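Below you'll find the structures, each written out as structure tokens.
Next come two complexes, and both contain chain A; in the first it sits with chain B, in the second with chain C.
The block that comes next holds the complex of A and B.
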């Protein structure tokens, strides 16, 4: 009998739905505290062994298009979306052809992975913190939604998350260049990942100069700042008050991957596992934690008193065969950590937690606008992680009232994202056309081919403008019984668009990009094609954008049960023992890659879950009831 | 020659008939002065290094993608030998010594004679094969008999095992620490810490006193041979890491093509699951090859000479790292990758001798490092090749 069927009818302290980054951390902490935790994972757990990792590597090597999900095998029982699922429409626009059904004005281009380890299997591994001002965008800048908590509330949990993930970075520079507050004397567990040569060329050419933000009408100083990473670097002996830090190696192969060696394929897969993934944390789970894979949770079960009693799940055996048996399992507390879109899908399917009508709404991402060009000289792309530095000054300030802010990320992987380099460059030089029906062009070979490739590829630069998207209730996940997956579960139906606030940001970013290419003396090659699924025009200018893989905002937190889904602990307003953790709880995302903040929020929730469990387990003490009271004596707790 | 390993019952090697290179061994006695201890530790440094070229040869002659389990096992052992070498350097620096690495006498020619052994066991550079694994088993053979040399003058019995050598060093350290309160007065800045060395079982730590010195010796002896009468190394106890089996038993797994099970002991042999090993998936090489045998000017000769010069550059970087510039270890990493690429180029080409090529023999890296290579490598290093730019970034 499969393990998924064995736990049928059992009772745990906590059920965690989803063995991705958030669920894994929650299970780790609760297991360490002695609670019996069951983690239900919809996908498979092949990758938690070294042979499984090698299989993913080989799948990646042999795939024709190296997209984020290419190393991870298909699963018909628990399908995942793919960035290739949005294709150009017949008469412009786009069509969605994959797991996600889409009917919005613009395509939602973000994917995720339903497998043990979750989307952290292909995260880029950047761990910037959000800015203190990011938590109050409605009050201060008039867009999106405010958080019910602030940077100071998250500070200790940011530090804890940086320990669990193993962050490499320069805290002093983060404080000085960005203005981030840290505890006195704080350092990250590891020294920063060395800035790439591309970064250093940028710093040499641009530091101290400034560009004009034409929309907000202000000068923005340029400064290249090293980004904190969730990947192994040189441990800092000063960490943890001089106790230091031991980098955590690969899952399934001890003493491997203790340093990043610059393979530059972080997304979709780090070959040596120097990049953090949840499987490393799972290797240190307490025996109190049970992981059951191939268990697709289909419903959250709610009892008469509004409390959640457990979950219903479908156990399957073969990922190629969508055949399952249905079971239930019970717990005192249920934690959904299945990804923003999957959490929303599950809640909508369960008709739970939605008295506010906000479940599924406020779907967000970081729309990524790419610009690219050729430098006059060699800059050595394709060395180091996908990105090691960024310009951070566009993230903050009053210009946020005029347009969406962005993080201006310097890419180390040339035109990979924009044009599929270097493979596409080789194909072009060989005269191989983009379409099999086009005639083959002239080709160069041998030494000349190598020289021309080196000359061009070595000069490629690209910028990734990662814009903040404001929460809008019209951007949402809904269900339609017409659209179902192999096990009969409703697939998510997405309605998505960008606000004018974001589009104004893209307009400003385009102009800033032109100015930077000018300062660099670079040959800008940015071109937005109407054939791109995300193509749109705004104020007569063409734009395209990509998803960042930062799905968020489908069960937002707030300080009011009528207008938000969860409270500041990510606890459902409607069901006191149901927690919804992950980026779905974020009411706004700022411009920081959200993983670190998600981890910090999850760790903060664990503290509250622990308190709830203590309350639930403490024996009752029978006490006299004050006269006139209508409470049963045994309901009185100490 | 016919020798027989008492533990495995394996007989000797018959294909090596020429003279064997030898590593200088200290006299069979417990070191009695600090000077003698430094001499013993310098010998230990050379001993730890001696194992690395044969292990690298077996690993890099594997065909791409083949014998994955064996590859990772050998790789882990090589990393731990590098760890041992660095711990020995820390020990030597701790007692005021100056590790010597970039010296023609530091390396011996291969095939070399297994040091600290009664029998003349040849340590040759062999491709991944049963003979290579048998060689490794000889090197890592556990020594359960701790018969130390007597005190007061050389003992005529002579060395009988590497384990015995380290037990002797250990006793010397204890004796001398008792007599010299300032034994561990070496400069702290010469110690290598975890910032500069990584990716191996256990970890590098500075040696500053008797406790850390004994811990270093324990790591070195037990990662190879295992904690006495078990198949495991001491990493779980010393560093809180996952329990790992010691080198000798890892090699036994490959040789026997079977893993140890949970109830196995050194005497039971492995009775766990079968381990897929394909001896044919390796490039066969001549264990007695020298660069001189390759025709001057041929591509293979150029690559073999280049390999030796780059290896000499690695020795220089280690010499500098162990003598007050620990950051040099980081610059050594890309040099090791350069060596890997050069070695794999050699192994993938046929031997230039048509007769050997006809027998399927491939060219190989020969690890012949003389004063010529060292001088050339020092000039390259001084001219900034390979590491200067990197160091500028790191500093």
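The block that comes next holds the complex of A and C.
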């Protein structure tokens, strides 16, 4: 029987909904402070054990198309979206065939994982910080939304998040090349992950040169900069004022995974767990934290005084045959950390926290535009982490007034994302088309097949232009009672599009990409097919893009209750004891992969949750009751 | 009629060993399969046996095609001096593609719709990975001196090592005045 039924009716200090990266960190800190925490996870926790992890490895090996969710088993009680869920439409455009219902102009191609560990099971493991200028894009550049806090407010929490995740990187280079402020003498817990041979070829050919941004009309210098990773490397003895750092190995197997060994499969799964995942943090949870899985929270319960009293959840046993029983559990403070889209879905289903009408709106991602080609010589693709370096100079500056900025990421895995290499290369050489009914081509065999594949695949390079998407209220998650999952919960309905600001960015990026392939002497093979679900034309040029897995914006943070869902502590304006934690709070994402910032925000919220709980535990102060009863209802102490 | 043996006995015996592998094909059949795979793949006998997959692939191939079509293919390939480019029959040509695809990726591909119909196959004409380790043993990774993603990890920092024939390169040619590089970096 599901352990979720055993906590029915219990009362905790804090309920955390979702055992992903944010929820796991929140539970860790609060448990360490002595609070009784219940973590409710909608999915299963089969990956907690080493045999469960090995099962995921085999599922990954066997999957035909190795997408981020390939290793993780389907669950009809708590379904996850898959990047393969958007397919070409019959007459152009796209169709959504999975968990997410979609009706927007363009497809939302991002997925997530509903299981213990959350989407950090398959994250790539890159931990760049946002830039100071990313926090006020509305004021400075005229698009998107500003944050109610700035880089300096996050600085100490960035440092803490870098400890919790275990970041490997070169802080001096980050400061010097990107202009990121760090505390005096700061180093990351571990030395940088070595730059790949692909990066080194790029550096040799491009460092010191520049390209023209045709839309903004400026010269941009090129420089290959190593990226910080949430991945075990060589510990830096200078860390923490000389106290050093001990890498955290795999969950479930001692003395394993304490350094990356180059499996080159970070997404979808790190075989040795050298990449950070929340299961490592859960292994160090205090006994005050209770995790129950297979508990799908279906409603946040709000009392008459506006305060949240707890949650209602559905406990199920078999993920393949969802039959659930409904229960409730109570707490002084409820934290939703279920993913940007799931948090919004849950709030909408509960009709909570939405006096601003912003719940579900401002849905964002980093649209990823891919370009690819063949280098003149061998570059050693498909080795090491998915990316180890990027060109960082396109992230900042006044060109943001003209178009969306981007991080120009150097891909280490050849055309795996752009073309499904190396499988597609083999099929092409053998004359095997995508469809069984298409005519077969001539095949190449033997030594010639072996040599030609090696010659071509070994020269593959690709760039990922990861663009900032501005928050727009029209991009949103809604619910429609027509569309439900296996337990009868409403599925998210997404309406999604890209702004002209983003499309101008893609236009500029295309031109920059052509220039870079030219400087490299590479044979550019980029081709955008109308058969791609995300295909569109803008100013007579074709484009396609992919989701980055960076869902955000759906319970946006702001400085007032009328226009935002949460305050700077990720606390609901409408319900003073409800926290909405995760990328959903972010008003803008800049061009940084958002995981580190999400972790920093979560740790910052913990400080406030702790203060709130301390306030709730103070002895009641007896005051005369005002006659009109005009105290704010949510300020009443329990 | 009764044998005196409880009916459940054999069922229980089977249930106790659900993962018992199917009987190995005769060694000479495996030898012949590997021999015809050499000209298809461009990998030599030792390398093909070294994958540990020869038996599994032979079994999958026969299962997918049927004994008769496989024997026919074997004969046809022998008749053209083990040069797959000389095959003329569309069925044989498609089988050659499929077996090569299997060795390179561990995946049995869909056959052409016509060939599928002509063989009167009972199973769906869809691609599948014949075993988790088949992915790991795919030959394609060796063609460019790589390793299968997610397996046979070559070790920390090896991704900085030059591919054969290419020069060593520094971590990054930072502009003058850039910080020096920390230890624990490249292999």
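Please note the rule applied: the second predicted complex is superposed on the first by the 619 of 638 C-alpha atoms of A that agree within 3 Å, B and C clash if a C-alpha of one lies under 4 Å from a C-alpha of the other, contacts with A are read in each partner's own complex, and residues count from 1 in each chain.
What we mean here is this: a residue touches a chain if its C-beta (ideal position, glycine included) is under 8 Å from a C-beta of that chain, and two chains touch if they have at least 3 such contacts.
Worth saying up front: this structure is predicted, and the values here are computed from it rather than measured.
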Next item on the list: Give one of first, second, both or neither to describe whether A:256 is in contact with chain B, with chain C, with both, or with none.
Entry: first
Check: For A:310, is the partner it touches chain B (first), chain C (second), both, or none of the two (neither)?
Finding: neither
Margin query: Tell me the contact category for A:558 with respect to chain B and chain C: first, second, both or neither.
Written below: neither
Margin query: In the overlaid three-chain picture, which partner chain does A:237 touch, first (chain B) or second (chain C), both, or neither?
Written below: first
Notebook entry, point to check: Of chain B and chain C, which one touches more residues of chain A?
Noted result: C
Next item on the list: Return first, second, both or neither, reflecting whether A:173 touches chain B, chain C, both chains, or no partner chain.
Entry: second
Next item on the list: Mind working out whether A:389 is in touch with chain B, chain C, both or neither, as first, second, both or neither?
Entry: second
Check: In the superposed arrangement, does A:194 touch chain B (first), chain C (second), both or neither?
Finding: both
Next item on the list: Based on the superposed arrangement, let me know which partner A:18 touches: chain B (first), chain C (second), both, or neither?
Entry: neither
Checklist line | chain A residues contacted in one complex by chain B, in the other by chain C | finding: 191, 194, 234, 259
Notebook entry, point to check: Where on chain A is chain C touching in the complex?
Noted result: 57-58, 60-64, 66, 170, 172-173, 176-177, 191-192, 194-197, 199-201, 203-204, 207-208, 223-226, 233-234, 236, 259-265, 269, 271-272, 377-385, 388-389, 412-413, 416, 422-423, 425-427, 430-432, 436-437, 440, 443, 445-451, 453-454, 457-458
Check: Which residues of chain B touch chain A in their complex?
Finding: 68, 72, 76, 79, 193-196, 198-201, 203, 241-242, 244, 330, 393-394
Next item on the list: Over in the complex, which chain A residues touch chain B? Could you list them?
Entry: 50-51, 54, 191, 194, 234-235, 237, 244, 246-247, 249, 253-259
Margin query: So in the complex, the part of chain C that touches chain A is made up of which residues?
Written below: 39-43, 84-85, 93-94, 96-97, 100-101, 104-105, 107, 109-113, 116, 125, 127-129, 131-133, 135-136, 139-141, 143-147, 149-151, 153-166, 169-175, 178-179, 181-187
